[in-house]
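Only one structure is covered here, and it is reproduced in the block below.
By letter and in written order, the chains are A, B, C, D, E and F; residue numbering begins at 1 in each of them.
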């Protein structure tokens, strides 16, 4: 007895059209057209391809590179939908890159994750749907309702099919430790945490890895929220190898693999699998640089499900990035 | 008896550092440092170089290419200044490129000039200082105080030194006609207006030029608010030449000269001078492509003056982009 | 399968009850009662005649004279509907008079068109429906969704029935030139533009009329967005007659005809028709002053259609005041 | 050691220029010029006569008839001052007429006193200074700081010079009873309260007057916040006379005296004095209709004092409309 | 043909669960679970027991003691419902205690009734439903739609069953006089009003009771909006007894009966009935202190009705706390 | 040449008057009076003791138990200062208890840290000064400028005087690990981190302590942001003792010591010192329950310094809770 699907309109910015298309396939709705061009003065021009008057509009846009252009596209699309009198405007942001700028860890810097949350609200979004924010507190930067989704079900499903004998789950730093611990519990594994020190933006140093009896394991699943240059991951692998581990699975939600990351990861010895989700579009060219054991697990079903729950006013429930009760720090 | 200048802090984004430096020279204040970097995931990182607590902060940033990056830099710098407890945060935007997106001339497009005005307000600016907005109504898109400056004094000063015998002032279209008429009056010239039709973003057609006795003039000053590809200007010159004019001065406030504009303008016959101001930074490389009769008139003194008036609470007066009384359409 | 019409409630302020009634006739809904009175201290008292809880409320009010009273009535009615928990509050403003105050063309004046847009938003309107704003940029003064309608279909329909032999379409100034050009294209006519200079609020001077081969035409349709004292129109007719034209049709969207306008227009020789729409209520007395060739074309069907589209969440499409693609200045 | 007075700018709207001038005389500052005109379409045009950049601006405007025009003037002047970058914008509203519309005493009516407070805040006022609001709760309708002044000192000073033998102070209704009681205490008098029932806006009925031993007094001071048609006052006098009182002093803060009020009051027998303050401008013509015992007590010194306190950041203290501690209903 | 009841979700805070349950019984809906706990640092922890996505949520919470805790619970529950994407969030506040702090009757105090209205709006309520606010103006402190209900129907129903021979209705002060007059009219009784002076928060003095022929009555219904310590009521009874009345009925909407109020009221001679509604939860222990003639009249049906009207978009009509037309002070 | 101190007004709520007094002693300003009382219906009544017109107001209030009352006091005091026209309103919140509710770690709970930040902004604070927020991201919940202070200088000063031979610094969990690491570096010590699992609000379990060569140390400084029941700390000590450590120093910023915490801590063997700051007022009675090696380090000089920097517009610099450059997770 639920309402017909024909008021659910999905649009996509430039950043991750393949994911938007996959989401639409799961929803059995067409991806609506969007015309995105540049004026000669580098101004962006956008026209939505369908009238949104009275529709529930979902705009899919990841904030991967080029981040600023993708952000402005998103803001403009939200504004068009709002002033075009949509019934609701929902920003679906699979990768919210600025979640990393979530605190003042130096004087006179920007908590950009909050700034952009405010900009999205100003443009006119009624709701945001995102996945694996760098820290769970970023949720609170949004004044509007936000669904913070987790790809855990996809990872659990994947590892359930693998041999996890003599395996330990490793988070490169304290920031991801809690989520790693959750996944470890679900997979029946132990967890270890790297004591990371960032020397420069693209250079980190792992002083040691906190965890007992590490040397007794043979295989480590090293998992993080995001891999950009991959330096953290490679440093962790280096330290683990020194301790005596031999095989490694590398996993993350947001696989950016910027610069020479594909090349460096390819050279890494003893890697079973490199896993990422499709929150960031890689492009065929970059994907071709990876070895055969590189795999992309799609989170399109998760986003489709969350969109549907919102459209029909049903609980999003287990899709949420939640910690077990009372797991407060 | 006015307050000392030492609470006036000027910062510059990446877009037009030479203009910011020139403004500071006119103000006899140092340009404060700003550290602007990129994280490996393409996120922008900015740190202001001085504490702004209790200072009147002026942030100079043009929205020239790359527009989205420059806009985000501006918003982040405003946010840092605001949350850093500046006494006032003033956005100095010599070129506000999105002023061109000032109306819904198609369904489901964005009045981006209003959207960005709202974003600037959300980020926390108390005031905006801009020059030659594409249409004067854009002023009203800002909810905060805004000083809309004109470079007219610079142009008048320049042309007063030139031979303006047998000269007509030509606006390529109706949009700039009123401002052209103002300048014409100041210079004691007649004015003519092109009947422009835009075929594509970078292709226009001038059906005819409205103005009487055009054929009797020898020299035309063709002036517009902005030159990007230069197609409008070149079309106007083509039509004027057909009518019988022989010499041309080309002038604009915002000289972007994108793509092959320098090359095309260089080839144009009978050009006395190509004039622009420095609201957009050209870069040495692009500037080298221009002939010797290309001149950049600096508007730094005008911005310096406006900043000073604001700092001391004095009238900005004649720097304003104003129309004579009752010149309402 | 659309929702029943019984949640669509139309109310009218004092300014243009005949238009509100005509709109209701087209919608087949009753015009709901509104009690509007004055307290002895000149305060306005308003009571809506029906509970609006959960209804989609459309309030029809033109901002014709007395403008301030009509504006306050509108704001109060919006406030009552909002605090009375209407599902949506829609301000239908056929004539938004302050659209003319759209820029700072003098120091220390008010961009009243923006101020009033903000007041309407503060009072609680969710949407505005207006017609032929003085400049298209005024659209951007509204932070809420707005439908900017055009009466063009009504004019085209009218002129299609007339003899348009040897006819040119004339806009009195640059401001209305683009819209005049649009209508000219639709009617297959040429266009000319007056070079207007406003000497005082009610006194203008047309220096010349820009357009080629004007003297070859016999009949001119002189069209503007608004006729108040009619001085612009009469000045245009004077100049056109001097050039050699003999017959004139005078047309506008917003016919105020203030002061001696009816008398002056009546005296004008060679006038075929005087046309206006019913966005402003004239009153029987004023209407009686006009000659028989004065005609009012009703835009009630256009507003009824726009209201219906909004009520049912359908595209308003061709009712919009839009320019052809890429016709950006 | 306080700051010089030269940043204090006072402007006046059309409603009560004499009071604005009197305030300026007390402040020893000039009343700044304001140009207020009408366009032919009845739109208001306002230009402030001096640049307000960095100034503390006080705009004096009473909301007497024509209320809507005066309100719009006020909102426009506030907007001009705000967007003109005044250091602070202070609305001085001696008579805030809509304070009477302070509750929903019928369904589907407007709490206009709150609506207008919101409009004033939207326009950009930083503070409001008003006098004798119809109910003290109206203070809370303003989200911005507001100084609610009382003319009590002026009345006390006046009555201290009069013979108050055998005198009772009478409030026509419960609404003004508390303030009347305060004044009574200050003057050492007893108080009585009318049991008013409003039959129509301009017609009331006093069922009886609550107070003991009324018949023993000879003279009553009948005081109210506002006199419009004067019907309440005359009804009270009628009842008091029936009880046996012979002489009457009629007093109010806001003397509107609309319609035939001057005529009716003139005819009233046994009236010693008719007193009002100058919060509402009467005009010479209306004033001429009153008998010689009609007196206007100026509150200009009170407003001047409040403005000065605000300008210098000093306590406004005893100018406030305050009730004695714990006098909560 | 109205929508099914299954999107109407009622939650209750800690303050008045019995009333919330009674409302639910009248609505034939379950009271949804809410988990309310304390962290060891005294922080409140709340979890709503059901997903509210797309539901119309009504949160029942009285602001009785402990007021601050109850207020924070309410704000948190509103926030959870809003960020949990409820279709609408409705705060049902049977007793809005801070309505008493409705004016600045001393310098440097808080109009807390407005502050809390703003906090409720900030937390995210779309509507408020309250009963018998201390003054009707408090309605205007809310920027969001509010239904101000009256328990009058319950009192009228009750007294219609009683013997009202030789009975007068008495309001202890001017503040409640109008509402008492309304009830008096409905019951066909006369009304008298106490001239109350508050000596301290819990100590008042009634100078006299305004009303004619009081001594001829035998029985008085003394009614007020709220009884806390009961000192006003007991003072009124004392004065009435002195005048000659013998029997008393004591009634109020909000029965707090703090401190020794039950004990003092119990001792009062000649009391027929003590009546209150259930807007404040008394608790079995406090209730046991009252004599048998203490009665609680439930307003649950009134709130249930108002909730249903809002849910279905129907007029709340006669449930409103309204004054008869034109009864403006 | 800085401005005189006489516009700096400090007020204190009920929660931590001793700290407010200590701050004032460091600032050489008087603590201004505040009258805080309860009405009989449990409503809070507050009156500030001095006019704040034009003053820079700092309100000192910790959110310790009773948290809700203290919060409402704070909001009311902010509101009074704002509507009393203070030049700036600064909320000094030494202990912001709700910082712990910083994420949605369960469905349908409240990110109360954000909610309260919004309430504080709504009430009218211009700035917040706080210390050791539970997570650094909470900074971003505030839309207004906030100074996030650290007590590190006080701890460093203290430990520099102690014997730190064979000492390791231990954080009970990952959340405080980074700050512990910072302090460790400053003191030249190693750091270890507990792998905490919270079983219930007041019951935690430390699975193991991550850190190498722990058994070689004799003395551990166990430090956390907050100690409420002390269960985490005691669990850490238990595990450390099992590993072989013998002596312990217990330290925290916010010492609540609720329930039996003093008793339990007293019984703990091998404790050198128990250290806390005075962000939370303990009261003499609770303090008397502690052994002689319990010490309170005052952070009053740090708050005084931050207040002074803000008052004079100087950099707060090293007082900030900052991470070393690029220490992004």
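Assorted remarks:
Just so we're on the same page, a residue touches a chain if its C-beta (ideal position, glycine included) is under 8 Å from a C-beta of that chain, and two chains touch if they have at least 3 such contacts.
A quick note: this is a predicted structure, and the numbers were derived from the prediction, not measured.
The minimal number of chain-to-chain contact steps leading from subunit B to subunit E is 2. Looking at which of A-F and D-F shares more C-beta pairs in contact, the answer is the pair A-F.
Subunit B and subunit C have CA centres that are 34 Å apart.
Chain centres here are Cα averages; for subunit A and subunit C they lie 50 Å apart. In whole angstrom, the spacing between the mean C-alpha positions of subunit A and subunit B is 40.
Of all residues in subunit B, those touching 2 or more other chains are 51, 83-84, 100-101, 106-107, 111, 118, 201, 315, 317, listed in ascending order. By the contact rule set out at the top, the touching chain pairs are A-B, A-C, A-E, A-F, B-C, B-D, B-F, C-D, C-E, D-E, D-F, E-F.
Across the complex, subunit D is touched by residues 7, 51, 53-55, 82-85, 87 of subunit F.
Those residues of subunit E that touch subunit F in the shared complex are 37, 39-52, 64-69, 71-72, 75-77, 79-80, 83-84, 97-98, 100-101, 106-112, 115, 118-119, 122-123, 201-202, 226, 228-229, 256, 258-259. Remark: subunit E residues 127, 144-146, 309-310, 312-317 touch subunit C in the complex.
Residue ranges of subunit E in contact with subunit D, taken from their complex: 100-107, 111, 113-114, 118, 134-141, 143, 148, 173-178, 193, 195-201, 208, 210-212, 315, 317, 320, 322-329.
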